[in-house]
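In order of appearance the chains are A, B, C and D, and numbering begins at 1 in each one.
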Amino acid sequence: MDFSIPAESEARHHAIGEFVRARLLPREPALLSAGFRAAEPELEELRGEVRAKGWWAPAVPAALGGLGLSLLEHALVSEVLGRSVFGHYVFGAQAPDAGNIELLHRLGNEEQKGRFLTPLVRGEVRSCFAMTEPESPGSNPTELRCRARREGGDYILDGHKWFVTGADGAGFAIVMAVTDPAAPPRQRATMFLVPTDTPGFRRVRNVPVMGRAGDGWLSHGEILLQSCRVPERQRLGEEGGGFAAAQERLGPGRVHHCMRWIGICERAFELMCARASSRTIEGQSRLADQPLFQATLAECRVRIDAARLLVLKAAWTIDQEGFAAAAEEISLAKFFVAEVMTGVVDAALQAHGALGMSDDTPLAFYYAHERAARIYDGPDEVHKLSAGRRILKRHGG
Amino acid sequence: MDFSIPAESEARHHAIGEFVRARLLPREPALLSAGFRAAEPELEELRGEVRAKGWWAPAVPAALGGLGLSLLEHALVSEVLGRSVFGHYVFGAQAPDAGNIELLHRLGNEEQKGRFLTPLVRGEVRSCFAMTEPESPGSNPTELRCRARREGGDYILDGHKWFVTGADGAGFAIVMAVTDPAAPPRQRATMFLVPTDTPGFRRVRNVPVMGRAGDGWLSHGEILLQSCRVPERQRLGEEGGGFAAAQERLGPGRVHHCMRWIGICERAFELMCARASSRTIEGQSRLADQPLFQATLAECRVRIDAARLLVLKAAWTIDQEGFAAAAEEISLAKFFVAEVMTGVVDAALQAHGALGMSDDTPLAFYYAHERAARIYDGPDEVHKLSAGRRILKRHGG
Amino acid sequence: MDFSIPAESEARHHAIGEFVRARLLPREPALLSAGFRAAEPELEELRGEVRAKGWWAPAVPAALGGLGLSLLEHALVSEVLGRSVFGHYVFGAQAPDAGNIELLHRLGNEEQKGRFLTPLVRGEVRSCFAMTEPESPGSNPTELRCRARREGGDYILDGHKWFVTGADGAGFAIVMAVTDPAAPPRQRATMFLVPTDTPGFRRVRNVPVMGRAGDGWLSHGEILLQSCRVPERQRLGEEGGGFAAAQERLGPGRVHHCMRWIGICERAFELMCARASSRTIEGQSRLADQPLFQATLAECRVRIDAARLLVLKAAWTIDQEGFAAAAEEISLAKFFVAEVMTGVVDAALQAHGALGMSDDTPLAFYYAHERAARIYDGPDEVHKLSAGRRILKRHGG
Amino acid sequence: MDFSIPAESEARHHAIGEFVRARLLPREPALLSAGFRAAEPELEELRGEVRAKGWWAPAVPAALGGLGLSLLEHALVSEVLGRSVFGHYVFGAQAPDAGNIELLHRLGNEEQKGRFLTPLVRGEVRSCFAMTEPESPGSNPTELRCRARREGGDYILDGHKWFVTGADGAGFAIVMAVTDPAAPPRQRATMFLVPTDTPGFRRVRNVPVMGRAGDGWLSHGEILLQSCRVPERQRLGEEGGGFAAAQERLGPGRVHHCMRWIGICERAFELMCARASSRTIEGQSRLADQPLFQATLAECRVRIDAARLLVLKAAWTIDQEGFAAAAEEISLAKFFVAEVMTGVVDAALQAHGALGMSDDTPLAFYYAHERAARIYDGPDEVHKLSAGRRILKRHGG
C-alpha cells in the first residue's frame, strides 16, 4: 500500500488546479448568472486554452484525442476540476458527453464513430442521453415505456423522456427505447443515435429545476418522441442490448460523479474556512473562534477525507480489475459520497448565514442543484439495497 | 391537560383548510412561476374572498380590524395556511408585515398608527424590516453599522442593509440604525419608519437567492441608505429602544415561523403519501410498498407530531404568561422545528425522485427557500447556545 | 387545548418527586450494587412508606386496591418514578407485574383473580411473563414454538423461553403457548397461569445481560417447559385468545415504558447539568462554559420536551378513546421516545467522561440495560414499518 | 497510489486471521465470563503458540524481540487481532503495555530498560499507566493534581488516580506527577516508574465499569499514592518532560486503538451477516431479506471501509513522516473511527434482538465497554476542536 502520488501526476494536478483557480473561479459567478448560451463564447475560449496546454479530455483514450489517464489519475484531476461548476465542461470531461463518448467508443461501429464520436470528443457538438421517463421509475430501467417498432429498415420511436441533461442545444441524443416488450426485462431495450433535428424528436421544454429552467448544457430537457423515424444504422449496439449498455455506462458514470463531488466538497470547505477567518461575530471574535464551528469543520474534513479515499480506492480497483469487480464499491461510494457532499455543502451554507442563501457564492447553486446527487444514477435507497444484497451474498447469505 | 380543540375552532380550522385546498393549491404553481407582480391581481381577488368570509388578519387584534385569535388558536390556523406558499399572504398574516403590525401597535404613537399601521392592517400597503447587514452578523444586532445621526429635528441615516424581505414594492421600511454607538450595546439602536420613496433610500437590487432574484413580496432587497433624512416624528419608540423592540418582534416572529413550518411539513407529508400510493416501482409494487419508504414516513410523522406539540405548547405558554416566560421554549422550538421541517421536505423531495427536483411540485421551492429557516431570526447555533445557557442557569449553573 | 396540570395532581406529583429524591436516590447505588435479593428487605420497607402515604399502585383501579389514576395522570407520576431504577418497584408499578395485573383484571375469572391477582396487586408475590423464545422472532408472536397439548382436563406445556424478566423469585408466570398450530396465525396461542413450582417448569439460568446475570426482579430468566402439566382452570381467557390478549397487554405496556423513559431522560439530564456546573475543564472554565456542551444540552432538552408531549398526548388519547384509537401514536412514540432516551443517556454519559463509564453514577446502568428499549415490545424497525403502513392506509394508500 | 497488499503481508495477515478464528474465537465466551485471573493460564498457553509461530509482539522493534512491523503493516495485523477481545493480549500487543514499551524504549536508560522493558516485552510482567485523575479533566493533562516532591535523592508521590487499566496484577506503573506546579503548564509533570509493591502505592479498588469491576488486565484500577517514595533512578526521562512524553505516547496509542476498532467493526459486521442469514422472521423470510436490514448493512459497510482507509492512510503518513506530521489525521481518525465502531456495534446488537443484549455474543461486551472509545485518549469533543483549529491554521485562519 502506498498513498503517495507520483511527482508527475502531482505536477499536472497542481497546474490544473492553478488554472481552475486563476481562470475559472473568478469568472464563475458572471458565467453562471449569464446562462449557458451567453457564457458559451467565453467557455469556448477557455476550452482553447485547455487544448493549448494539452489537457483536453483527460479521461478519453489518447487514440481518440484525449489524455488517456487511468481512472485513478483522472480521479485526482477530476476533484480539481470539480471545484468549479464549469471545470469539467471546460476540460471536455462533462456529463453526459463523457458517458456518451464511452458508449460510442465501446459500441459504435466505424460509421457511427466517424459521424457521432469524433465531433463529440473534439467538443464540436454536444450530446444528451434520453433514458429517464416521467411515468416510469428512473431507478428501474426495465420498466421503460418508450417504444421502438421496426418498420422496414427503420425504427419508429414513440415515448416521453425528461431530465435529459443538456438536450437544449445538443446535436444528438442517445435514446433508450423498448424494442421487444415480451423479452426478459433486461433484454427489452435498445439504444439509438437520434440527431435532435430528426422529425418527431421534440424538446417540449427545459424542466424548471429549483426555480431555474436553465439553458443549453445547464438544463434538463423534456422530450417527446412522436413517430420519430430512425434508420437501422443509427441503432447503437445490438437489439436488446440497451439495458446492459446502460449499466456499463452508469458504473463509470457514478464514479465520475463521485470524483466531481469531492471537488465540490473541497470548494465548499475552502469557502467555509475563508469565511470563518474573515467573519467577525462579536468584538474581536470571529466565526473561526467559535467551538461549534470548529467542531463542524473537523466533522466535514474527516468525512471528505474518508469519501476521497473511497473514491480513489474504487478507481484503483476499476483500473486493476474492471468495473464488474468494483460494483459493490461503486454502489457504496455513490450514496456515501453524495451524503458527504450534500452535508458539507449544507454546513458551508450555514456557516455563511444569509450570504449562503444568496447567489453571491456558489454554495446556493450547489445546495439546490447537487441535491440531485442522491437521486440520479440510482437513488440512495436503491444503492443501499443492492449493496446490502451483494454483501449478504458474499457472506454466504 | 386537555389536547382537544373546541368545536368552533375546529370548524374554522376546517373551513380555512378547505379554502386553501380548493382556492389556493390549484393556483399555486401558476402564481409561483408567474412571479409576485404578475400574480398580485389574482392574489388581491383571493384576499377579497378571505375578507368576505371574515377571516382577514387572524392574529391581529379585533380592535385593529383582525380576527383577534389567541396565539394558540392562531397556531392552528397558521399550520393550515402554511400548506400553501401564498396562504399567509392571502389571509393578511404574512411576514414581515405581521411583525411590523405588532411593532406599530405596541410602539407607534397615534399619528404613526394612522399613517402606517391602518393601511398595513388593511393590506393596502406592504412594508419591510431593514435590520440585517452584509458586513455585520445578523445573529448579533449589537454589532450593527447603520448609523442615524441627529441633525436638527431630523435623523440622517447611512448604512447598508440586505435580506430585506419584500422591500421591492413596499410602501415603507422599519429601519434599525445606531443612534448612540457609545451606549451599552443593547441601547445603541433605534427604529425608524422610512417610506421607500424617501430620498437617500435606495433599493440596489433584489438579492438573487438560490438562483432567483424574485420580485415584490417574494424577494429580498438590498438597500443603501445614503444621507437619508428622516424626521423625528418617524422615529418608532424611544431612542435607544431599537434592540429591545427587535427582540420583542423576534420572539413572536419565531413562533409564527414555527407555526407556518408545521404547515409546510404537513404539505410535504401529504405529497409524499400521495406520491407513494400512485408511483409504481416495479410490476405491481408501488413506492408505498417499500419498507425503506414506510420507515421514513413513520420517522417524518413522529417528528412532525412532536414539533407540532412543541409549537402549540409554546403558543399556550405565551398566551398564559407572555413572551418572556417562553424564551427558552421559543429558542428550543426555533431550531428543532426548522430541523424537522427541512428534514421532512428533504425526505419528501427524495421520495419524488427527479420530479422532486423539478418545479412541478412545491417541494423544490420549499427545499431551496425554506433552507433559510435555519438561519434567519437567529441561526441554529445561536439558539442552541442561548437555550443551553438558560437551562444551566435554571439548574443553578 | 390546555397544557396546565390541576393543582391537586401537581401537588401529588411534587410530593412523590420529593419522596423519590429524598428516600430512593440516596440509596440507589448501594441497592443496585447489592443485587435484588439483598436489597429486597430495604425495598420492602420503602414500599411500606409508600403504602402509608396512600400512593401504592398508582395505575391500578381503586376497586383492586390501587390509586386508580387516569393514564394521563399516571404518566405524570411515572416520569417522576422513572428517575430512580427502583421507583416503579417501590410504588408497585413495575413491569412485568403491572401488565400482568391488567391481563388478570381483564381476562381472569373470579377464582384466578382471588388466587393470582389479589396477592400480585398487594405486592405479596411477583410474577413474570413468558413469551419471548430464543429460536423465534420476538417481534412476531405468530411464530411461537412453545406448545400446549390437551391431555384430559389438563394442558401439557413444552417449550423454551427467555428474557422472562423477573422469573427468578416470581411466584407464577403467564406463559404463551400454541394450542392449535393449524389455526390462523393470530388464533394459535393461549395464555396459561403457571406457578413457578409446577413440575416441568424450570428456570435454567438468568441470562447474563451486558455482563450481569442479575437476580430476582433485576434479572431475565431462561425457562424450559418440559411436560409441564397445567390444569384447565389455569388457562387465562379463551383458547386461541393469547395473541389478542398479548397485543392488549403490549399496547399499554409500551406507553408505560415510554413514561418511565421520560423519567430516565430527566434523571440523566439533571446529572448532566449538575456535572457541568461542578466540573472544571481548565483554569476557571467549567464544562458548563463549553459551547459544544451547551448546544448538546439544548438538543437533549428539546428532544425530551418533544418526547414528553408525545407520551402525554398518547395517554390522553387512550383515556379518551381507548388503545385501539391510539395504535399509531403508540407505535410512533415507542421508537421515538426510545431513541430520545438512549440518545440523552449517551450524551450524559459522554459529559461525565470516565466517570460516566463507571458505576459511580446510574448512567452506565441506564446506558447498558436500557439499550433494550429499542428491542423489547417490538423493535424500532417493526414499529416504523407498522406505523408507516397505518399512515399510508389513512391517506388512502 | 497503490492499494494492493504485498503477497507476503497478505499471507501473514491471513494466517493470523486463521489463528484468531480457530484458536481464540471459540474460547472467547468462556474466557470472558471466567474473568482474567481464571483465564490467564489458558491465555499463557495461547501466547506460547503465538511465540512459536514467530508472531510475538508485532509492533515492537526486532531489536527488542518483536516482529518489527511498520505501522502500516501492523495496522493490517491489528485489525485481524481486534476481532477477538483477547487478540492483542495473546499477541503481546495489548494496551497499556504496548504504549509503555514505546515509552521505555524511547525514554528509558539502560538500567531502566533492563529492569522494566525487557520483561515487559517478553510478556513476563504486565504494567499500567497512571495518568487520569478523578478530580481533574482527563482531557487536559496540564491540570493534574498528583504531586511529586523531591526529598534527598528520592521523590515523594501523593495523588489519586483512576481508570488505570490493568493495574490489578501489574508489576509496575508509569505514574504522571507534577514536579513543578509553577512551571509553564506543559513542563509541570514528570513520569515515574513505580513497582506496584512500593510502599504508599495502593490499589483501592477496581472501578466497577458498566456493572463489572473485572480483574487483572480486564480491569481499571483506582490508585492512591500516599507518601510513596520513588528513587531518582526510577524517573523516566527528564524532569518536566512528562507532558511531552505523554503526548508522544498518546499519538501512537490513538492509532493503535483505531486499528483495533476496525477489527471490532469487522467482527460485529460478520456476526450481523451470519445472524441475518440464519434468523427467520416470518415463514420463509429471513432477516437477510428485510430491506431495512439490507440498507443498514450497506451503511455499516461503507463506514467501515472509509474508517479503515483513514486508519491505513494515517499509519502510512506516520511511517513516512512521523507522528507530528500526522497529528491532524490522527485526531480526525480518533473521533471518526470511534463513531463508526460504536455505530456498527449498535447496529449489530440491534440486528440480534434480545440475543444482542445477552452475553451469548461479544456484542454486549463491545457495546458496553468500547463505549469508552469516545472518551479515553481525548474525548470526541477535544479532538474535534483541536482538529478544527489546526485546519483553520493551515487555511491561514
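Here is the rule we go by: a contact is a pair of C-beta atoms (placed from the backbone, for glycine too) under 8 Å apart; a residue touches a chain by one contact, two chains touch by 3 or more.
Quick caveat: nothing in here was measured; it's all calculated off a predicted structure.
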Handout entry: Homomeric contact chain C-chain D: same or different residue positions, threshold half
Key = same
Fill in the blank from the handout: When B-C and B-D are ranked by contacting C-beta pairs, first place goes to B-C
Completion exercise
Rounded to the nearest Å, the gap between Cα centres of chain B and chain D is 52
Exercise for the section: Let me have the rounded angstrom distance from the C-alpha centre of chain C over to the C-alpha centre of chain D, please. Expected result: 37
Handout entry: Gap in Å, rounded to a whole number, between the CA centres of chain C and chain B
Key = 43
Handout entry: Per-residue overlap in chain B, given as positions that touch at least 2 other chains
Key = 290-293, 295, 381, 384-385
Handout entry: Interface residues, chain B side, partner chain D - complex
Key = 290-292, 295
Handout entry: chain B to chain C touching residues, read off their complex
Key = 1-5, 72, 270, 273-274, 276-277, 286, 288, 291, 293-299, 301-303, 305-307, 309-310, 312-313, 316-317, 320, 329, 331-333, 335-336, 381, 383-385, 387-389, 391-392, 395-397
Problem - Interface residues, chain B side, partner chain A - complex - result: 33, 132, 134, 136-140, 142-143, 162-163, 207-212, 279-282, 290, 292-293, 349-350, 353-360, 364-365, 367-368, 371-372, 374-376, 379-381, 384-385
